[in-house]
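Just so it is clear, A, B, C and D label the chains in written order, and each chain counts residues from 1 on its own.
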């Protein structure tokens, strides 16, 4: 497959922008292979994902960003990012003790479903090291004390590793720790979490117990970008499963695991494919 | 179809109760046509729905309740209710201005899906009177002032009507008023409401706007029994539908309407069929 | 709301077409309020729905079609249709004896959900006349003999009515008759049927009985455009509901009714909004 | 947890059977921890799953089967099976080249979700050997020639292994071979397959391509017991996922993988928990 340029952008909605952008690509002999756009009429904002082949495109790869900034940046008050399909994102996985999400991520990775590199797995427990080793991925453990006294230190070490490995985004695969604001700020809307409830219901600890106590008839899972406020970041994907009065907190956990891993992996897929835009704490998901 | 006795019961779980109850029915020549039971092992509580034919049953219809109370009441600390399939529940519908739930209820009623009588529709607005008239059901309007100054008076009139019509349960079909504690107390776990969100998310006013603002990817509807605490009663039925970033508060309302009417009607069906037991703010739904 | 022009088109995929079409609209001062497109890379075909405000558009309403044909028709081998939002489609409903789909359609119509006119309901039975009368819609009955000896005659009368009423599309709301090829040919991809199964499973008669006999765990409903081959036309919408071994053919029918009416109404909504394109026996559904 | 006896039975429906069976258990001081029953009124057949603690039960473990046969066998024309919760079923997995179902099964096994032993994985390809080795499970490869000339020989070797390992049931985790009637007959309703469609739609080869060609809006997966007729055995579990016109055969495969693994694992869970009864090519699934 030919390498492609992926342009993700948003700006105040103005007539002519689609014509302008597509004309720019085709005039420079770019073969468009994907185009989707969306206008938020309430916010008056335009969102677009466009992808074209690099081969034959007249503007050299390293200058495309400049051209777009120059031609459209000020004119449309454009906010945008450029990606190349042959430059894989680099993903770090954070885990604690439960393995179901980790296996789901690694099995897809190994099966070649994703154009991604996974140079490290980070944990606060040794439990899942054997899984990491089977897949040949370095596994780093930093234990956080119960009183959180060494949390700053641990996160500093983690940040150093993330930078050393050129990590572009993080996945919290049932990582049972709250990240500090500094770490979150270093990866704005680039840390993906899975919360085991249908947010905004059952924020915080032990949502299956909360769901059981409330007597709901459906449980859910939510994958979202992490922000400073707990479980309140932009939602990428959700799904649900029906339960009955016969379910116990334990059976909810088992049913929930299947939701968690599928919902998390769907969100990671969208992120890897550069099909997510965030704006005002919401996501636009291209398909 | 032969008339049947329906016995709904719950009590502390003890070995032998199923054998005892089924033996009582069969010894008295009752032909069992339905039996379902459930043990809540966390609460240590036993729940059962059993139904048998009246024809040929040795105990006269009017004495069955006494026999059960005498034989099992104290022995098992039984809480129970007896219903006869040939005695239809009598249902009052409360509406405001939106017609979709009302039409769904009345269309099923007219099509003969439900063994129920609907002697009255109550509203705080005139809007839906023509619909009630088409189905030949008396429509009663009591307007509640904006300052709620006449609310007690209105509810007193409504209570009088409910009693006069021997209403056994009420359905709030998008009735946009909060009931007083007195009215709720008169029909404990016998007033069914439809809330247009996936409870406990988005309690209170305008849940579609709340869902839109939060950027969820799925919306829901919840049917529950009304209790004194707003939107906090035992949940009977829930369902959801997938949405996207393209949905607006208006399109959510339209998608939600289909959920609301189906979820409400499913809950009403279960109630009419006497397949719902409530215990500690949860429901056991037999099927 | 300002009236709009809706342009639905498809053609062989060629670079530049989006730029060309959007430029045409904006150059002529049309304010674009909706744009969605899709490229089928397997077929090499481009599909587009674009909608812009009539007010201020420089080309007079009655000449827009000509301009598009002249400017783009031959150049892009364009197949297209033009609609105006202030010209409502005219819908005929065909029913037999079951009322649930009819009520769902009429309740939406009355609630103002749809920009559509419904000048007639056609049936082979008298049963649903009272419903039509309540909504003030003329109800026409033509009985088809059991040996179908008068079928040609009946369909001729129906065709005459459809033409007299300027019907633009038909909805078979559980109409239990197979239409002749002539009637289908008069409304190519403009007759919407609801089939009470998850097509292509359980084609033909009594799909709930077929589903029961096969022991499936989920049942479905399918709304599709009618073509000459039975239950084989382009699918517009499908949905499913979970069942268990406890369901009987009768309970499947009841559960299925809710699916049927919702799935049919969703398909009708898409059709009324001119958001469906058909190509090679499939649908493109814009949203 | 105390070991339990699990009794799965069915017989012609007769009054008194529940009372009789539960009385037998409680009279012999068995503490019932699970009871569910179902009457198929169309077939006139009674189905039951009852589970009680072994500790304190008066009848010795090895004689329970005899007692039940003697006491109820002829009297009720009972068909039944006895299981002990401390005797794990032994499961063989058959795979070809795709890993997603295998990973899902093994990850659950390793996480301790299932009371099962997995002594062998059988394949016609070497591809997945590394996965088996990571989990420490012997991996056996027998290639079947393209002309199937050695199929009988291969299956004889497989049968020998299955017997040697005391395998009680087999799971075809996307095993792309049709089993011979002999192998199927050796494990009647004890070979679980996953078919990547919503059966009975799209039987046979390449169901995603069939689904794409038909233009369906939902795809599914079906787990069923293997019988002599292809894809026609008793269905244990099904699930579906919504698709659009934008999906290609390739994207359907990816979406389908998630369905396949979850649906297969749910079916395996039910089988391991001895919660499935089969009767006349259908399943009763206790929950």
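Worth pointing out:
Keep this in mind: contacts are C-beta pairs under 8 Å (C-beta built on N, C-alpha and C of every residue); 3 or more make two chains touch, one makes a residue touch a chain.
Every value quoted in this text rests on a predicted model; they were computed, and no experiment measured them.
As for how the two copies chain A and chain C face one another, over half of their interface residue numbers coincide.
Taking the mean of C-alpha positions as each chain's centre, the chain lying farthest from the centre of chain A is B.
Taking each chain's centre as the average of its CA atoms, chain B and chain D sit 38 Å apart. Chain A and chain B, compared by their mean Cα positions, are separated by 42 Å. Residues of chain D in contact with two or more other chains: 41, 244, 246.
Touching chain C in their complex are the following residues of chain B: 98-100, 103-104, 107-108, 110-111, 113, 134, 244, 246, 254, 258, 262, 265-266, 287.
Contact residues of chain D toward chain C in the complex are 38, 40-42, 198-202, 214-218, 220, 234-240, 244-246, 248, 281-285. On chain C, the positions that touch chain A within their shared complex are 15-16, 18-19, 22-23, 26, 31-33, 35, 37, 39, 41, 242.
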